[in-house]
Structure formats: structure tokens, C-alpha cells
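Common to both upcoming complexes is chain A, partnered first by chain B, then by chain C.
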Partner chain A sequence: MKQRQGLIALAFLAPALVCLAVLRIVPAISAVVESFYTESLLRGGRVFAGLGNYTDLLSNKDFRQSIGVTLLFTVLVNPIQVAVSFLLAVLFTQRAAGAKLWRTLVILPIATPPAVSAVIWSVIYRPDGLANGVLERLGLPAQPFLTSPSQVLPSLIVLLSWIGVGYWMLFLIAGIQEVPEEVREAALLDGAGPWRRMVSVVLPLVRRPLAFVLVADTVSNLLVFAPVQILTKGGPNGNSNLLMYDVYSRAYAIGDIHVAQAEVVILVALTLAIVAGQFRLLRGDQ
Partner chain B sequence: MQRLLPAAIVAVAALVAGCGGSPDTGAPATADQGPQTGTITFTGTDNAETYQPVIKAFEAKNPGIKVTYTQIPFDQFNATMQQRLSAKDAAIDVYTVDEPRVSQLAAKGFLTDLSDLDAKVKTSFSATAYKTNHFRDKLWSLPMWNSTQFLFYNKTALAKAKVTPPTADPEQRWTWEQVEAAGRKAMQSGGTKYGLFMEQPEAYYQLQPLAESLGGGSGIEGDDALTPAVETDGWKKAMQWYGATFASGLSPRGIGGFQTGPVFAAGDVAFFVGGPWDLKIFGSSKVDWGVAPMPYFQGGKPVTPTGSWSVGINPASKQQGMARKFVEFATLDPAGNLATTSTTTIIPANLEAQKQYTPQMDKFSGAKTAGAAAITTYESEHTAVSRPVSVGYIQFEEVMGKAFADIRNGTNSDARLQEATRQLTDAWKSIK
Partner chain C sequence: MKRASLSVLGGVVGILFFLPLLWVVTNSLRPGSETFANLNPLSWQTFLELRPTLTNYSALLNSAIGRATLNSIVVSAATVVIGLAICATAAFGLAAFQFRGRGLVFGIVVLSFLVPFDAIAIPLSTMFRDWHLTNTFAGLVLPGIGNGMAIFLLRQFFLGIPAELVEAARLDGLGWFGVFRWIYLPLSKPALIGAGLMLFLFQWQAYVWPLLIGTDAKHILGPVALSNLQGQNFTDYGLVFAGAVVLTVIPLVVIAGFQRYFVQSVSSTGLK
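And now, the complex of A and B:
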């Protein structure tokens, strides 16, 4: 009987398992295997290269720069997005006039595909674009934005946050609304001010959704691709060459699929290491 | 929360899926021609309207065969095709091939061998077009179009700035130095925001002539055409000048590939370097303009770009017979080849079609395009230099494109060319 139940369960799970295997596991294994091979276009034939692709990558200046840029980007973008999402969530859970309307406006960019957002921002960041128009009105000097090695990463962070914070804010709003009313009232009666209530009451109670947002946001930011491809092509001087874009350009622009697969494996490892680190930190907190 | 970890793996693994498949070398001549009737697909970068006339004419001549056209934007075309062809995607029968890419596409087995048409192709096209569509003595694609570049100028702005505009006579061709000086005057008193702008400011196609004009070579040398040579005096000088045009504000930074034409059409720039397609596109602009030959450097020689799209057949296509009929019609048949140029104004590669087409170029936008025909003929006979034929051209174009973008954005050009040499050496290591 038990065995029969198991078989029935397996039958129900089969479509999902087959999809998982065909769409995820097989390609992942194939990437790992292919990353150990190399192929010469002129001489032809696939040759086992061992760790050759990995050592090639690690000795490549552009790749090392790409890792550096990606780590810097990760360290900057995630705290900014999580903090802004949290502040917006606190703001929009206040009982204030038009809170729902504002909330909708903040969430709206999610409905725009990343590629379209990138095109919109390419016009905003143009030398004669909207951003410089606003700066000019305020009496400030025009900025180079995407064409400057030092401003390109911050410019991308602003763009990505415009797309992302609304989405992450939703999870935090749900979390804040879960905070029991009695707890807030108790704090109020104890004479805690708004700042105190946010830091000592709300923040500890939304730790779980906050942790989810941090981890999921980190993963999604490690895989940023469309804005880089559309706006900067990794430049100027490789200062926006995030790993995901570097993988793409190695695989399909340069056409070296095997080295690109080695890079994918490194990207996965890096993502897992960062996420594992975050889990450890969060567990330590509890 | 623990569920997130697998979610992360899955998310990254999903990206891996796209990287599967490995190319094999040398496409065998396909014996199976597939069905006689049905629908074939044709993939390219131009708007669907461009190919409507040729598709209509072909379908009328070949009842039972339908052609569907798919557009992939130019910026993503090469990478997308690389991905789909290496996955042996049979949903592409015919596709447009950028001429300098023929060698690598053929080497990767992404093109069907068309060598049995060799004799016909030799007599129907120019010697340059014939040569660029060959790799290892075999014919891999059929030339569809040819191109050249013109210097477009804003007549109103130049008149306002009291500058005598350049003439259409190739013997009176302006130098870049003259264009720069006149462009600055137009910015000061002609009412334009910028003096000079290239249509594709980060593309090798348009920038190769700068270096070649100064004797800098194509940037590729060696018997196997896999040795970088982008640090010659010509290249260094050309790129120093090019970088300075942006640093000084003569040309704008931050305006990308397909936003450049509208800058000229809106009257914001005095000089614009663009192709035959602009002869008609700018016709709808309110600006009064004219055409002149592409400039050269003082003390150097006039050099202009040439070459354009060819068409080839995907070896993975299951409809080789029908695909063959279509590519032959669009290139070898003068009427078919002409039909590919009736919407977008580009020069047909078929010599017979060219003879009929070129004289019409003078009237594409009324008096504004006067002289375009003579310029086109002159450039193709005297100044046209094609992009280098190398199995590493794809990597070359990619690396140089990024270098041009950085130089445009203010990076020291000598250092950036040195960096490009290193990147090319790295990228070509996997080919050798």
C-alpha cells in the first residue's frame, strides 16, 4: 500500500521532475563538462583541456576586472535597494492621504520589461537628455553619466533600483502589516517615538521577509544583463562589465563557448558563496 | 528560507541552458533538397518592409513557395545568430551574412557550400564581392548589396555660418581638417549643437577608412590574418584625432548607434557621415542638406568603406532546395536583386542591377541628392577598401567596437589601442 502511494506520488511529480532534469540539471552538467574542453576553429576537433579554460580566465585581465566590478556592484546595490525598499515600505504603510496611489506608482516600473526600461533610461542619460535638463534647471553642471568610467556603475544602480525597489517593497509591506497591532500600541504606550518604534519594534519583526528580500535581490543583481547590453556594452573601460554580460559576450560575441561555460561555472560558484554567506550571517542573528 | 538556495542554483542553471551545443567544422554539401513547396524563413536586420518587394516578386515567380521574414535588430543580430546556428536551429532557412564574417561562419559550419554557382557569381558581381564571399576556395554566400559612405551637410547651418559647403565632385574632396574647422564655425554661428557626427560612431566599418587614409592598414596582418596591427602610426594618429573630436564637443558622446541619424535630420549637426540608405531617410527631414564625398586626412589618401550584406543558407535547414531558389533570385537575378533595394535605398551588388540603379540615386530626395550617383561610381572604382578577410574578424570587430567606444568616451587612444592588441591576441588564441 505504502509503495503504491509512493508510485502515485511519483507519477504526479513526474512532469515537474522531468522538466527539472531536462531544463536545469542536464544543461548544468553539460556546462560543467564542456568547461573542461577546448576547440580550435582552424584545426577543428574538441580537445580535453582540464582546468585550462579556468587558468586562462583567471590570468585574463578583463575577467579579473569583471569579477572586481561585479563584487563592487553587489556590495553597493544590495544594501541600497534593501534600505530604500524598507523605507518606502514603512512610508507606504502609514495611514496617509494617497498612500495607495504612491505605492502603485512605485510598483509600476515592474510592469516594464528591463529592456524597455533600459531604452527609456538611455534617453534620460543622454548628454542632451532629461537628467541633464533637470540638472541645468537646478543650476548644476551637466554630467556624463554612462560615458564616464566613474559614473557608469552608480548610473546603472539608479536605473536598476528604479525597476527593482517597488517589487522588493511589496514583500516588506506584507511583512510590516503582519506586525501585530498590540505590539505597536504597547510601544506607543511606553512612550517610544516613531524612530524608536521602527528600529526596535518593526525592524526585528520583519527580519524574515527582510532576509528573503536580501537574498533574492542579491541573486537577481548578480544576474543583471539587459541594461548592460543595451546601454554600456560593459564600458567605459570595462567599468560596467558585470559577469553575466561578460559571459554573454565571451559566448556569443567572441564565440568562445567553452571558456564562457567555465565562466558560468565560476559565476554560479560565486553566487552560491555569497548567498551561503548571507544565510550564515542571518542565522547568527537569530 | 532554505528554499532559496536551490532557487539560486536553478536561476543560474537556467542561464547555462543557453550555452549548450558545440559547433562542428565544415558543412557537408546537403544531398537532401527537401520539399518543393512550403514556407521558408528568411532572417535579417532590416525592417520587414525592406524585403517585401523581393519576397512578393519571388512568390509570384514560384507558386507554392512562401517566404516569411524575421527581423533581429542589428545590435543583437550577430550574437543571436551565433546562438541559434550553433544550436542547429532548422527554423532559419536563409539569413543575411555580413561580408567580413563569411570566413568564420563558414569555418564554423554555419553556411551551406554554394560552390557550384561559382562561375555565375564571378561574372555577375565585382571582383571584391566575389572574393569576400569565398573561404578556403569555396563559395559560401551570395552578395546582395554593396555600400559606400557620403558626407551629408546641413546647407542652412553652413550658409548661416558663412561657410562655402563642399561640392559633390570627388576631385574636390574635403579633408577632415576642413570639415572640423567648418563644423566649429557652424557650432559658433550656424546654430547647430554639434559640428560633425558619424552615423555608427563605434563601428569598424566607418572608422577603418580613418586609419587607412593615414596609411595605418586594416588592423589585421600576417599570413593567417590573425595578427593584430592596430598600433601603427596611422591607427594612432587617426584615433587621437577621433577621440579629440568628442573631447572638444565637436561630436556628441552618449548617443548610441541608431539615435544618430535623427540628430542630423533635426538640424543639430553640421556634418554627418552616413550611407546610401540615408539618401531617402533624410528626404523627410525639414533641414536643407546636400551630399559630398567622404573626407580624408590632409596628406593622406581618400579611402571609403564598401561591402554590405550577402545572403547564405543555414546547413541545418530542411528546405535546402527552396532556400537555394530564394537566394539565387535575390542576388543572381537582376530583377530580384533590384527588388531588394526598392524600399531601403542601398546599392544592389549584382552588376546588371547596379547599372540600372546607380543613375537613379541622384533623384532619391530631389535636388538634395544631386551628385550621389557620380560619387558612388567614383568611390567603387577608386577609393573603396573592404574590411579585412580573416577567420578572426568577428572577434576583431567586437574588440575594436569596445575600443572605439572607450576612445570616444575619453580614454587615452594610444593606451586603448595597446589594450586592444592584448585583447585580440587573447581572443584569437582560441582560433589558432
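And now, the complex of A and C:
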């Protein structure tokens, strides 16, 4: 009976399992395998290269810069986005006039596809665009934004936060609303101030959604591609050359698919390492 | 007093987030030649157009972006229909049966959504090239249909359907496909809508994959076409903004229509 059940279950599962295997798992394995091979003109076709592609990458200056830029970007963007999402979630769960409407306005950019957002912000960041228009109105000097080595990452972070903060805020609002009303009221009666209530009462109770947001946000920020490809092409001087874009340009502009596969493997390994580190940290101080 | 200052603060934040979109909508309603005319100095006219014109939108109909938007709709709709069929049957297989290796199969499903799709897009695209799937609708749709997250979401919901209901139906002579079709599906509308939204947004928001696999005029998708237009030297920004509005409003209408389920599926993935 149990065996028959297994066969029927398998029939229902088969299409999805084939899809997941062929479209998710096989390419992941193939990236690992191909990263150990190289194209040889001399011997015609692909030959085993061992760790050759990896040592090539590590000795490549552009790649090392790309790793550095990606790590700097990761360290900056994730704390900023998680903190802003949390503060906004707290703000928009207070009983205040118009809170629902203002919250909706923050969530709205979720609907815009990231590539479309990048196109919009490419016009905003133009020298004669909206951003400089606002600065001039405030009496501030115009800024170069995307063409400045020091401003390019902050500019990308602003654009990515405009896209993402509303989305992550949704998870935290859901978490805060799970906090029982009595708990908040008890803290209020005990005379805890608003800051105290947020840090000692709300924050510990939304640990789980907060941990989820941190990890999921980190993963999505390590895969940022469209804004780099559309706005900066990794420039100026490689200062916004995030790994995902570097993989893409290595595969298609430079045309070295095997080294690009090795870089994909490094990108995924880096992602897993950072996420594992975050899990340890989050568990560590519990 | 405190309430009032909180709503003022909320209002300032909300408006700041909204300004870029408002600017886009306003400029989609005026000729492209005037896009930058109202920026120096900034005034209320920057964000409001008193004599709106729809010329950008009518120009959009016959442009590459119009065609690309249609392609996006076709690809997303196909992904939702095929993807829901595949994911719902798989979730049923995982939820309704006891069998050896169920844990393993479930593990594969979870593993498949832990590997981010964009990271494997480049290796997958070299495979698709070998299989002659570049510049085909099949090539664009396929990666969207097997969604581990959607299977996971549906399975969680299916597990809540009482076993007695299934036993009774089985005794009445209903086959397993009948149980799936006439008991599980009708009871799972919220989860199906949530999973459908997930499949739709995955496809509508995609950029890396359509850039790698479908860039000829017949198969190009909206976001790729829009970013191509932006890269040109003499860009009609009126057209760009009208395209941006259309590509945003379509998912917005879908999300707003199913708002309840969207928030539900978002919060259930976050809390479980």
C-alpha cells in the first residue's frame, strides 16, 4: 500500500522535480564542474584545468577590486536597509492619521521592476536631472553622483533602498502586529519611553522576521545586477563593479565562460559564507 | 500632539518615496522635449502638468516597448498558468501521501530555492544555448515554472486540509486526481492566488534572464526594451517614462487586486 502511494505521489511530483532538477540543480552543478575546465586551442576543445581558473581570478586585479567593492557595498547597504525598514515599520504601526496612506506610498515602488527603477533613476541622477534640481532648490551645489568614484555606491544604495525598503518593511510590520497589544500597554504603564519601548519590547519580539529580512536582504543585495548594468557599467574605474555584473561581463564581454563559471561558484560560496556568519551571530546573542 | 507629529513624519517619508514616481507620471504626460525644462528652478510644475497629453502613450502603442510589454504579459501569463499546475500537483504529492523518500524530495524543493536563480542564470543560459532555446518564448517561460518557494507555500497550506475529508471522498470512489481537483484546489484559493502572484512577479520583474536569453525584436521583454531605449543617444524621455508607467501599473493593478493574498503570502514566508 505504502509503495503504491509512493508511485502515485511520484506521478504528481514528477513534472516539478524534473523542472527543479534541470533548471536549478543541474546548472548549479554544471557551474562547479565547468569551473575546473578550460578551452584549449592547442588541444582542441575543453581540457581539465584543476584550480587554474580560480588562481587566474585571484591574480586578476579587476576581480580583486570587484570583491572589495562587493564587500564594502554589503557592509553598507544591509545595515542601512534593515534599520530603515525597521524604523519605518515602527512608525507606520503607530496609530496616527494617514498612516495607511503614507505606508502605501512607501510600498508602491515594489511594483516597479528593478530594471525600470534603474532606468528612472538614471534620469534622476543625470547632471541636469531631478536630484540636482532638488539640491539647487535647497541651495546646495550640484553633485556628479554616478560619475564620481566616491558617490557612485551611495547613489546606488539610495536607489536600491527606494526599491527595497518598502518590501522588507512589510515583513516587519507583519511581525510587529503579532506583538500582543497587552505587552505594549504593559510597557507603557511601566513608564517606558518610546525609544525604550522600541528597543527593549518590540525589537526582541520581532527577532524572527528581522533575522529573515537581514538574511534575505543580504542575499538579494549580493545579486544586484540591473542598476549596475543600466547606470554605471561598473564604473567609474570599477568603483561600482559588483560581483554579479563582473560575472556577466566576464562571460559575455570578455567571453571567458569557464572563468565566469568559477566566479559564479565564488559568488555563491561568498553568499553562503556571509549568510552562515549571520546565522551564527543571530544565534550567538540569543 | 504626539499623534500629529507622528503623522507629519509619516507623511514626509511617504511623499519622499512617492516623488520619483510622481515625477515619472507627470513627465509621461508631457512631450519628451520638456522633461528637463521644469527642473531649473524646481517648482510645483516639476511634479504637476496642467495640460496633460496622451501622445507618449499613443506613440508607445507602435513602439518597440509596446510590443515588448505585450511579450511580458504573454510570458508572465503562461508562467502563472503552467507554473501553478506544476507547483500545485507537486505540493499535493508532498502533502497528501506518506511515502519513503518524502523527506528527501522535500529537501530538494527547499534546496532549489536556496540557490538564488540569478546566480545560476549564466550557467543555465549556456545550457539553453546548446538546446536552441535562445530567443524563444519557451526559453523565457521555462525557468519561471518550477518555483520551489511556491511549492513550499502550497504544501504548507495543503497540510491543513483534514485527512477525514480525503478518506471519505476515497470511500465514495473518487480517484487521487479527483481528490486533488475537487477537494484540494477549491479549498486552497488563497494559497493558489499567493503562489500565482509569486510566479507572476518573478517573471514580470526578471531582468538578467530575459537579457541573456531573449533579445531579438520578437521576444524582447518590457524591462529589457526600456533599458535599451535609455541607452541610446537621442532618447525620447516622454516615451521612456510612459513605458515605465505602463510596466509599473500592470503589476500594481494585479497586486492591488489581490492585496490581501499578497500580504498573506509575504508574511507567511517571513514568519515560518
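The rule is simple: the second predicted complex is superposed on the first by the 281 of 286 C-alpha atoms of A that agree within 3 Å, B and C clash if a C-alpha of one lies under 4 Å from a C-alpha of the other, contacts with A are read in each partner's own complex, and residues count from 1 in each chain.
Operating definition for what follows: a residue touches a chain if its C-beta (ideal position, glycine included) is under 8 Å from a C-beta of that chain, and two chains touch if they have at least 3 such contacts.
Being a predicted model, the structure only gives us computed values, none of them experimental.
Engineer: State whether A:27 touches chain B only (first), chain C only (second), both chains, or neither.
Structural biologist: both
Engineer: Going by the contact rule set out at the top, does A:236 touch chain B (first), chain C (second), both, or neither?
Structural biologist: first
Engineer: Which partner reaches more residues of chain A, chain B or chain C?
Structural biologist: C
Engineer: Just chain B (first), just chain C (second), both, or neither: which does A:88 touch?
Structural biologist: Only chain C; A:88 stays clear of chain B.
Engineer: Could you look at A:175 and tell me whether it touches chain B, chain C, both or neither (first, second, both, neither)?
Structural biologist: In the superposition, A:175 contacts chain C only.
Engineer: Contacts for A:111 in the overlay, against chain B (first) and chain C (second): which applies, first, second, both or neither?
Structural biologist: The answer is second: A:111 touches chain C but not chain B.
Engineer: Touching A:215, do we find chain B (first), chain C (second), both, or neither?
Structural biologist: A:215: touches chain B, not chain C.
Engineer: Considering only touches as defined above, state whether A:188 meets chain B (first), chain C (second), both or neither.
Structural biologist: In the superposed model, A:188 contacts neither chain B nor chain C.
Engineer: Who does A:125 touch here: chain B (first), chain C (second), both, or neither?
Structural biologist: First partner only, chain B.
Engineer: With both complexes superposed on chain A, which partner does A:257 reach: first (chain B), second (chain C), both or neither?
Structural biologist: both
Engineer: Touching chain B and also chain C: which chain A residues?
Structural biologist: Overlap of chain B and chain C footprints on chain A: residues 23-25, 27-28, 30-31, 34, 122, 126, 128-129, 208, 212, 219-220, 223, 230, 244, 247-248, 251, 257, 260-261, 264, 267-268, 271.
Engineer: If you look only at chain A, which of its residues touch chain C in the complex?
Structural biologist: 2-3, 5-6, 8-13, 15-21, 23-28, 30-31, 34, 88, 91-92, 94-99, 101-106, 108-116, 118-124, 126, 128-130, 132-134, 136-137, 162, 166, 170-171, 174-175, 178, 208-209, 212-213, 219-220, 223, 225-226, 229-230, 244, 247-248, 251, 257, 260-261, 264, 267-268, 271
Engineer: Touching residues of chain B toward chain A in the complex: what are they?
Structural biologist: Per the stated touch rule, the residues are 1, 4-5, 7-26, 75, 78-80, 82-83, 86, 104, 107-108, 193, 224, 252-256, 259, 391, 394-395, 398, 401-402, 405-406, 408-411, 422-423, 426-427, 429-432.
Engineer: Spell out the residues on chain C that touch chain A in their complex, using ranges where they run on.
Structural biologist: Touch list, chain C to chain A: 3-4, 6-7, 9-11, 13-15, 17-18, 20-21, 23-24, 35-36, 39-42, 46, 85-87, 89-90, 92-94, 96-102, 105, 108-109, 111-112, 115-120, 122-124, 126-127, 142-143, 145-146, 148, 151, 176, 180, 204-208, 211, 222-224, 226-227, 230-231, 237, 240-241, 243-244, 247-249, 251-252, 255, 263, 266-267, 270-271.
Engineer: Mind pulling up the chain A residues that touch chain B in the complex?
Structural biologist: Contact set of chain A toward chain B: 23-25, 27-28, 30-31, 34, 37-42, 44-46, 56, 60-62, 122, 125-129, 144-149, 208, 211-212, 215-216, 219-220, 223, 230, 233-237, 244, 247-249, 251-261, 264, 267-268, 271-272, 275-276, 279, 282.
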